[in-house]
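The two complexes that follow have subunit A in common; it is paired with subunit B in the first and with subunit C in the second.
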Partner chain A sequence: MERRTILKTTAALAMAMGLMAAPALAQETLKIGAVGPKTGPLAGGAAVTHWPNIALWSKEVNERGGIDVGGTKYMVEVIEYDDQTNPAETIAAVTRLATQDGADFILAPYSTGLNLAAAPIFDRFGYPQITSTASTDRVAELSGQFPNLFFLLGQNSQIVGNAVDILSKLRDAGEMGNKIAMVNVADAFGIELAATAKPIFEGAGFELVYETSYPLGTPDLSPVMKAAKAAEPDAFIAWSYPPDTFGLTEQAIIEDLNVKVFYTAVATAFPAFKGRFGAAAEGIMGIGGVNAESASFQDYAARHTAATGAAPDYWASGMMYASLQILEQAITGAGTIDRAAVAQYIKDNSFDTVMGPVDFDENNNNPAYWTVGQWQGDAFRGVASTGREGAVAPMLKAGWK
Partner chain B sequence: MDILITGLFLGGAYALIAMGLNLQYGIARIMNLANGEMLVFGGFAAFWMYTAAQVSPLLTVFLVAPAAFAMNWVIYSVMLRPLVRRARSRGQLEVDAILATFGLSFVSVGIMLALFGGDYFNYSYLARPITLAGDTYALNRATAFVAAVLICAAVYLWLNLSRPGLSIRAIAVAPDSARLVGIDVPRLAALAFALGGAITATGGALLSMFFTLDASTGVIFTLKALVIVIMGGVGDVRGTIVAALALGILETFVAAVIDPGLTLAAAYLLFIVILLFRPQGLFGRRGA
Partner chain C sequence: MIRSGGTSLALTALVLALAALLPLAGSPYWQSIGISIAMFAVLTTSWALFSGPTHYISLATAAFFGVGSYTTGMGIELLPYWCLPPIAGVLGAAMAALVGLATLRLSGVYFVIFTLGLAELVRQIIIWFQNFSGQKGLYVLTKITEAQIYWQLLGLAALVYLAGWAIGRSRLGFALRIIGDDEQVARHSGINTARAKVALFMISGAAAAVVGAILAPRYVYIEPATAFTPMLSFQVVIMALLGGTGRLWGPVVGVIPFTFLWEAISSSFPNQTTLLLGVCFLVIVYVLPRGFVGLIEAVRRRVAAREGVA
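What follows is the complex of A and B.
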């Protein structure tokens, strides 16, 4: 009996002390939820663009003492979930963060599809969703439906339109002919871009001499490249995903595809692309681009490399980091962690980011973004944008050596 | 001619993917759903050796094969042998093995993620054209095809000419009777399983020359291997080789002549047709 009493007393004492000590020791923390693919088909892309930025940002915020909210410093604690590239898992993870983990803010998931899948959940629980890896033409419709949904990366029709503009200019200057070979991955992304691109190319007077789609994960793309080569195009355009972006480029080198413009989509802007193809990457165009000469991007790239051991990509990485900067600046600017007030602050203000100033329009869309980039020297430089500074002139692809 | 050679190269790659699973499933009776992860592991080893020390993937395979052999031996002894012991029927073992190796595949993906991160294993090796019969092909694919031919021939000859090969074939045909004639079934099953893992990892190292892999791509290869093994007939090396080549040539033919978008559809159509007329697979035995 006696021992039990002692135990009880000790326990009670410990509890009481714990309770008393708690307020004194407690540090203000913000719980930040992060959802994205660590496994599944998009894990490779998320490992380049999504997760390293979250690691970099949370480290930097905590090293400088936290986020300033009305004079109080809040450290950030990131709670990560792997959604396995499965929309159902994304929804489950966001719901869990909102209802069980009590996340103060939730970072937007990775990719167009997973962001759109999770948008109703963000909306229902009132979390602002600042997407940096979603690209769609339904921005106005979506932001009408989900008022706290923001878009940084741009719209497909602009991305395609600017690519066609570049080709038109090169053709009109007499630097290349009129014939285009266009292929796409048979996946939502590739199908939408190819469907958008076809009428724009035809409207601009181009002739599509070869056109096909191939399934995601096609193990051998040499039949595609051989057929494209046989059609003798002046430009090769592929609305491709990471494994096939690499596969098509390798086959083009092997077949010595003789084109003036070679364009592949997602992953062209990855540092690993240059790492793999070296000098052969020179002159290859793709989605995205950055102002590689800007001091803010160079500083960001250096910090990214130092903190995560890998360089950022030249498209969405910077936008992903910008979305985190916007969230932080909005929390500080609003002076509260009230989510509605923070969302309103994002709508009403402009932000200074590593990609330059960002000011969302009435549709929660960032109107100024890079659309086409090109490997020139050691960087994938923006050659076209919808209002960013620092574009360089496009050059023709000159062989594969 | 162009289609035939491209198709043969692709078929050779498929044979590398599926041969190991055939040994594991046909002889050790383990339907190994973590097969693709072993392949990715081999690919990663090749990537790492190449980027860190400029070691050719063709040399790395001589490191990968013994390492994978040992690893698979341990996996079989520690994790799968208890399942074999307690299984009362082939069906029960199959269910248990599927569940266990399904779990193993998740664990493998997790370990690879933790060790290497989720980024693509990307490098370029022998990405040069060679000319055969007037057409150009990728040298790395041709090299992988030659390796596939050597490996398949070695496995086939070993199974048919050597004493352990004979015993292993006996296990594939009649596991219960094999014990009665003095064959050490548990040891040879472990040998077959480990050998299968070694071949799969070797295949991964070779295929990484032209496939872009990441830690979670394994499941794609497991599926492909499964289709080929079932199509060719479980436990028969010839079946796997024929099915792999048929699939490679068919996919290339469809891509080149009809439409690249229909390759998957054509592959699964072939799968269905074969199963309709030969449910046991091309070289499979009825009732096996």
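What follows is the complex of A and C.
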């Protein structure tokens, strides 16, 4: 045999062995696709809620030896893509994960719009899509069209309804009056919450003494707060986004707004909110909340802080981590990486998560979630929920010192 | 293109027919890239129809695209889908006419700034309206498949080419080239420059609106922030410039490599995507100021010159 032929044969053999070995190795690893904004308008929110939890979860799974699938341990390999907060890029990235990267499972993207843009692709390839940042009032219709689409975060009507309930109870107990100042940011979520809230407040017999909206990104909110103060409300409600949640609270301190209830929406649950306002944050209400006394949440918060250098927020962070736990438990429980079996397992079973037990209803919706939280001491504690345990009694806002 | 009109039409038809076979290959990945190429092929070509000869840089693509998306988003529950893209086209043309009449008497940077602001203006109007009605986003839940979207885009591309070809051979096309060379001269030659520019801007706007209408079912959920993303306007300009706007087929020559470049960067550098795209923009403008068309023609000229010497 000529030397060249031997070389060729050896090379061919090595290649063939390599080809045979490659699938054997791949059997021990699960490829998990992750898509979300690293740039664009939603990058800031995703950097708090989305990416840190993925990093934490994959690190923990691999440290404990992987995911158990029918007795075999699978390590996870996360493939991340930046969708630039652009639905076209989300679609492209999920398609790429499904077809080019051969992802075994794909994590739900970030936000309502990007999740819904990706839903047809998840559906087409049969991936379960467990959303933790999508909020919609058309759950039944969506899960009818996309049977593997799950919703953890909860509905706006409940979030608003529970907030109104708390105010009604305080009023009926004689602890506060009947007058409400309500403002909202003129953008997506703020618009919808305000529109939902107005008839509920009026139906509950409250008087809206001041009502306005302001554009997203308004730098000076002092006219809003001055006008609200002049109307002498008993409660101040803002359906706000992160920048104006901070801005309105700051103005309320400056104006020394004298109300019994002060409520701001998104970002009130951020640890940075407490960090910024310190003792003045005491008694402020907002969307979200957790059972701060539960051991599983405290443990999660500690691990999150240790692994990512930042504490989780008290609303969507825990939900995002819960979505990862549900996926992992469903893969183990189904004992297979067959996606249809895993999706069916998610529908049929209850899951133990850092937010408590999760059991999806017939519309793939999580019926039990925190709706209103309040800063009490060092934590943003849940004061109202749709069936969670550990709610604390709401307290009145007592000054800004 | 003007001289060999018939051949170029036949060639275009052949290319489109071949492109139409893509969904039959059955790869969802290539289908997805195909949609991206078809979408930008229409947007850049219709953009270059107007901006190529007149040298007016329009950043209004996102405004027209968004209006088209919203036409489908609002109309899908009232009307059958097939009549929505034409309605979007009419609305896009009407908006272009309004904007054109107001601004095309301006030239240079005033026009650029106005078109950039237009997308933001329309977006704010929709947000204002939403704040009024209390509705957040629009759902477009249909059974339209990716292949059907792709074929619609190809059909639209054929229409845009035909329009471009016809305009290139018409008095209007001639008038526009004169305007591009020197508007003063054009006006003195008796050309109604404003009317010519508005007519072309309307075609360009209508095409972009129809693209938005066709793509709305793909995005399922329409909200102002994503329907009116300014990024789209810049992508269209950079792709058209990469190709070159002097020829009808020029922009497509830019779209295809740029889509692959975009895909390569997105998949290989998930943490630096935007940064690297910015670098690519700079490189394109510095290295290829006249686009691939300019490069191809320079090479052709050099070859011709060498043959002349020999």
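Basically, the second predicted complex is superposed on the first by the 374 of 401 C-alpha atoms of A that agree within 3 Å, B and C clash if a C-alpha of one lies under 4 Å from a C-alpha of the other, contacts with A are read in each partner's own complex, and residues count from 1 in each chain.
We take it that contacts are C-beta pairs under 8 Å (C-beta built on N, C-alpha and C of every residue); 3 or more make two chains touch, one makes a residue touch a chain.
Predicted, not measured: the structure shown is a model, and the values here were computed from it.
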Touching partner for A:T39 - first (subunit B), second (subunit C), both, neither: both
Contacts of A:E89 with subunit B and subunit C, given as first, second, both or neither: second
First, second, both or neither for A:D378, with subunit B first and subunit C second: neither
Touched partner set for A:E232, first subunit B, second subunit C, both or neither: neither
Partner chain in contact with A:A186 - subunit B first, subunit C second, else both or neither: both
Contacts of A:S213 with subunit B and subunit C, given as first, second, both or neither: both
Overlap of subunit C and subunit B interfaces on subunit A (superposed complexes): 38-39, 41, 186, 213, 215
Interface residues, subunit A side, partner subunit C - complex: 38-39, 41, 80-82, 84-89, 91-93, 95-96, 98-100, 112-113, 116-117, 119-120, 124-125, 138, 141-142, 145, 184, 186-189, 191-192, 194-196, 213, 215
Touching residues on subunit C, where the partner in the complex is subunit A: 27-29, 32-33, 36, 124, 127-128, 130-131, 133-137, 139, 141, 215, 218-221, 223-226, 229, 231, 263, 266-267, 270-271, 273-274
For the subunit A and subunit B complex, residues of the former touching the latter: 37-41, 43-44, 46-48, 51, 183, 186, 212-215, 217-224, 226-227, 242-243, 246-247, 250-251, 253-256, 270, 272-273, 275-278, 310
Residue numbers on subunit B that touch subunit A, as the complex places them: 2-3, 6, 9-10, 13, 109, 113, 117-120, 122-124, 127-129, 136-138, 141, 210-212, 214-216, 220, 251-252, 255-256, 259-261, 263-264
